[in-house]
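There are structures below to look over.
Heads up, the next two complexes both have chain A, just with different partners, chain B and then chain C.
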Partner chain A sequence: MKKKVISMLLAGAMVLSLAACGGGSSDSGSSGGGAAAADSGSSGGGAAAAADSGSSGGSGTKLTIWTWDQSFNIAAMNTAIEMYKADHPDFDAEVIETPSEDCETKLTTCANSGDYSTMADIVLMQDNSYQKFLASYPDAFTDLSDIGIDWSQFPELKQSYSMVGDQHFGVPFDNGAVIGCYRTDILEEAGYTIDDLTDITWTRFMEIGQDVFAKTGKYLLSSEASGGDTLLMMIFSCGAGVVDADGNPYIVDNEAVKACVDIYVQMIKNNVVLLVNSWDDYIKSITTGQTAGIVNGNWITGTLMSTEDQAGKWEITTMPRVDGVATATNYANNGGSSWYITSNCKDVALAKDFLLNTFGNNTDFYDAILPTTGAIACYLPAAETEAYNAPSEYFNGQPIFATIVEYSGHIPAYNRTPYHYESRTALNTAVQQIVDGADPATALQEAQDTLAFNMGQ
Partner chain B sequence: MNTKKKGMTLIEKQRMSGWFFLAPASIMIAVMSFYPMIRAFILSLQTGTGVNMKFTGFSNYQRILADKVFIQSIGNTFFYLIIQVPIMLVLAILLAQLLNNQHLRFKGLFRTCVFLPCATSLVSYAIIFRSLFAQDGLVNSVLVNLHILPQAYNFLGNALSARIVIIIALIWRWTGYNMVFYLSGLQNIEYSVYEAAKIDGANGWKTFWGITVPLLRPTIIMTFIMSINGTLQLFDESVNLTKGGPANASITMSHYIYNTCFVNVPNFGYASAMSFIVFIMVAILAFINLKVGDTRD
Partner chain C sequence: MTEKKNVSMIQRRLIPTYIFLVIVSIISVFPLYWMISAATNTSTDVSRGKIVPGGYFMQNFKNLVSQQPLWKAMGNSFFYAILTTVVCLLVCSIAGYGFEIYHDKWKDKLFSTLLLAMMVPQVATMIPLFQMVSKAKLLNTSVGFILPMVSTPFMIMMFRQNARAFPIDIIEAARIDGLNEVQIFFQMFFPTMRSTYAAAAVITFMNAWNAYLWPKVIMTDNKSLTMPMLIANLITGYVTDYGMLMCGVLFCSIPTMVVFFVLQKQFAEGITGAVK
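And then the complex of A and B:
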């Protein structure tokens, strides 16, 4: 009897907790379009349970949008929806939080089954992923060349990520200009200021880093061991790529790559760069004050600003440049993303109009999302507005937005490849091997062979 | 003629009902397992990125021979297999033996405790192990504070230790699972057999090797096959715990296959070919296992 009662209780608790889970998720699902459901009783929002794309009929088309970061691109998209809705009362759209990896996995799965019906209408994609998917699944994308955007108002480098020939497949969203970000309090402890780290070389960076480590026990930089972008950023800042103009691997005889690998390995060995094992650890190394600096795409400021107790301690400047390479600069691009309209879009004209009038040509919109999300526009006219020149409290009063936009004008172009992630893995593997004592030439040869192998059929 | 028209005989009816009961499961297996296998094989004969596939015969299988990362992943997987499976099964059998003791109190509690790890999801336990063995994780801080280590050790950043962490994680996760099979096997052994052994003067060790192990043989074979199968398809730990690193030192075959499809430029033909190699390995190992364990001479 006792057993029965206990098992009943347990079963009951389980059912309840499961139900709570279900309730929770449906809550968050509707919260995205919370405002929508409130004002438009007619849209059939009442039948919210049918949140799938099947419920599209009725009053106008409801666009579904996949994107992944609550405090960043989801917030920006929600602002866009609200602004567009102000002019178009019939408009309805729902943002479904989908991690970046899932967006890509879903696209891959849909494409291979030849059935795109489960895709959303508009999806955000990492710029670094575009070329790979455009080459692999050209039929998944809608050509946006005729969307009506004045493309000359966006940096060419940014556009080129999502282009094939002259065709556009992405509406640019956030800027990926690389910044150097430093904890001024830790620098001060070691006797340095932000100016000592401005426009410097990596060799100088290493000297300072060793000094900082000796005096404070903190690293000057952290990077992910196998998925880190640091090395690639260094290479790209020289205007060099890991492939030649024909797209073939170009590592072994590439002076820029060799110089970057060399200095990067030295920094790891000399306690200047801390190698961590995952993205979580990377973020943790920053938020716990284990490292005094960041070199990454400026979108990292969004994550940084959520660490409120460090407000006022951070300042930004340029990233270091590689010494001994003639084309080296203090500027690079890392990450950033663009919106694409899937081939499953139910109302392409509407989706295009929506993207055009928000992300495509609207400085008011970019001003609106800037303070809340820190999403810095690629839309050049946006940078001239007041909002962009406002000082940022978190960054000790620096006008970081205008600064970052200024940086993005200096970024050199480089040879891109659909095999971006393969090259990253291959190079990081080589770095690991060299740090563990392998001969650099052998390790780089292996990286080149691996990349060439990946590119083969 | 007439008799036939009357309908089926009793035996025929029984046979029919037998087929009737078999049909649903068989059809499901055919549709869910065999059909995809055939499709995967066809896919493995094609090559190309994304949807631009064309038939090229066995070129993907030739490609495998030149793929250093895949060969390394085979090595890693067998490293796990050879070290982890025996340790885990021996532990499981010992635990089962302990917990099968008739005089032990709180048996249920102990059994639940040992089995409990199996109730955690693969991803979450892998992430927990990752944070346990992080440089500022629990393991490091305990070892440093006990002065066993002078400074935090980067467990997941070194090839050998990363693999060992995966093995420890696997043992933690799966020992209880296998123990349950052994427990149920042990309960099928008549207690009188043990009593007879006792009377004949056999000690615990002798009883274990002379009675328990032979009588558990079918269960041991089953757990062996399942463990080998599971280890060859190891995925979550490699992805979530070590991310295959450092420098591919802990990447498993399934993880690499996944990368080929979903992280790198998608090449499903090649990925299918690699999957087929894994399939063949599982089949061969299971076959050997069955032959070795076959008591019929």
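And then the complex of A and C:
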């Protein structure tokens, strides 16, 4: 009897679950058909509607958007949706939280299987990895050259991350300008001020760092050993890349790379730079006060500000420049991302109009997201608004937002490569070997060979 | 007197063993402890390496619930994990039983092919699988979610191995008593192999609960968010709130721990293959 009951239950569960699944599948089948119909309907009028912003709001399609980070990208996108909705009551969009790596995995799977139907209408992609996806899957994205954005209002470097030739594929979003952040209390203990670290060279930085270490026992900088960006930021600040104009690895005979590796290794050996193993250790070195300084993309301020007991102790300035290289500057970029419209977009005209009137040209929008997300614009006119010039209490009253946007206008362009992360790993490995006593020329040759291998050469 | 001495001598000889075991236990339990203590501290404290529990749990919990649909993700995870477990156990036990009890000259060759499939990593089959599911119009459905997980070579092998210990006499007796083959499976095999089912249930439940890559690729809307996806969402930002993250991880691990502890005894028996 008991056995019968169990088997009945089992069979019952099976039937129920199959019924539930069946319902789900027929449901999605019809919605898929609906999407296809909408797609074919709107694509004909896409070009015409792009020029006329008013008419495209009423199509009634719901845009889906893939992005990550509740307190940053998602919050900014939700504000954009709200603001656009205020002018276009019919507009509807849904954000689907998708971590950056998952956006990439999904894109790869869809592209390789030739079925883009599960792609969102709009996706956010990291600037450093986008080019690789565009090169591999050019039919996954929509050309945005005619979107109507005044491109001169965005830094050239930022635009270049989402461009091929003269074609624009992305709408720039957050700013990755590199800043130097320093603990003024520790600097003071060693007899320095923030001005002593402004617009200096890395050689001077090393002198100060050695002095700070001798007087306070604290490092002036920390960096991740294998995944750190410090070395690449130094190279990019010279307007140099790790590849030549044709995209081939260019490390061994590259004077800028050699100068950067040389000074970076010296700083590690002289207790100026603390090498740590992971991102978590990197954060720990900052929150525990083990290091007195940070050189990184300005988004690091978000982590800093969560360390409330260090409020008022930090100030920002420019990063140091590499000496002995003619093109060296005190500016570089690290990180940041841009919005893209996929080829699966149900209503390209609507998506373009939405991005244009929020991220593309709207200082009110950038003002609105600044206090809630801390997301700093690449849109240069945003720096002139009141919100951007407000003093930041955490940074001792400095108007850091306007300063950062101003920095982003000075960043030199460099030869980018889709193999950004591969080059980072190769160079960091070389640095480790040199610190451990290897011959610099051999180590750099090995880095160049590894990079070439990764590129499939 | 001598007996007492012997006992104390044995105990004394065991002291190093106990010390060793205690150390190993501490090492293996520490991550669990750290997860709980981190869930009760602020993010800054966690990054500073504080390991003493703090009083910040409720705040972390509130942040988590306000940022992520925790209960919905829990509900989804339970739904998919239970569904997968039930279907998988049924399919794989029938397959394992069939492989062992019925005879055919191609049987062993077929089984070897099946085991070969076990060697292929999941990522390698991802794109063809996606194409199949997409052609069958099963993208974004529960069927698409559980289908690749309901029949695994490992589970079939486990049931076949354990069915080997199932006395063939029982089947013959049941046939004489007039039960048909389906009845024999459900009324004879199923109750006898309860511990195997328990072990298989634990393994399948854990795998289904922790499934990440496949669901992420084929489920496209917010409605099908599961716990591992929720955890992944917490670590992608420019700023990671470690306290909140650990609070989420805690909620994600509780169900698998409960399932394991409840079925622990049967799990151990089932893995070693016991027929009662």
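By our rule, the second predicted complex is superposed on the first by the 397 of 457 C-alpha atoms of A that agree within 3 Å, B and C clash if a C-alpha of one lies under 4 Å from a C-alpha of the other, contacts with A are read in each partner's own complex, and residues count from 1 in each chain.
Here, a contact is a pair of C-beta atoms (placed from the backbone, for glycine too) under 8 Å apart; a residue touches a chain by one contact, two chains touch by 3 or more.
These numbers were taken from a predicted model, which means no experiment stands behind them.
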Inquiry  = Quick one: is A:Asp121 in contact with chain B, with chain C, with both, or with neither? Answer first, second, both or neither.
reply    = neither
Request  = For A:Gly302, decide between first (touching chain B), second (touching chain C), both and neither.
outcome  = second
Request  = Would you sort A:Tyr421 into first (chain B), second (chain C), both or neither based on which partner it touches?
outcome  = first
Query = Of the partners chain B and chain C, which touch A:Asp436 in the superposed model: first, second, both, neither?
reply = first
Request  = Could you tell me if A:Thr105 is touching chain B, chain C, both of them or neither one (first, second, both, neither)?
outcome  = both
Task = Based on the superposed arrangement, let me know which partner A:Asp139 touches: chain B (first), chain C (second), both, or neither?
result = first
Query = If you stack the two complexes on chain A, which partner ends up touching A:Phe453: first (chain B), second (chain C), both, or neither?
reply = first
Request  = Count the residues of chain A touched by chain B and by chain C, then name the partner with the higher count.
outcome  = C
Query = Taking the contacts chain A makes with chain B in one complex and with chain C in the other, which residues are shared?
reply = 101, 105, 112, 114, 280, 284, 288
Inquiry  = Taking the touch rule as given, give the residues of chain A at its contact with chain B in the complex, in rising order.
reply    = 101, 104-105, 108, 111-112, 114, 132-133, 135-137, 139, 225-227, 275-278, 280-281, 284, 288, 290, 418-419, 421-422, 428-430, 432-433, 436, 446, 449-450, 453-454, 456-457
Request  = Over in the complex, which chain B residues touch chain A? Could you list them?
outcome  = 47-52, 56, 59, 63, 66-69, 130-131, 134-136, 154, 156-157, 159, 242-248, 261-268, 270
Query = Can you list the residues on chain C that touch chain A in the complex?
reply = 43-44, 47-49, 67-68, 83, 86-87, 90, 126-128, 130-131, 134, 137-144, 186-187, 190-191, 213, 216-218, 220-222, 225, 232-233, 235-241
Ask   = Given the complex with chain C, which residues does chain A contribute to the contact?
value = 3-4, 6-7, 10, 13-14, 17, 20-22, 24-25, 27-29, 32, 64, 68-72, 94, 96-97, 99-102, 105-106, 109-110, 112-115, 117-118, 120, 280, 283-284, 287-288, 299-300, 302-303, 306-309, 335
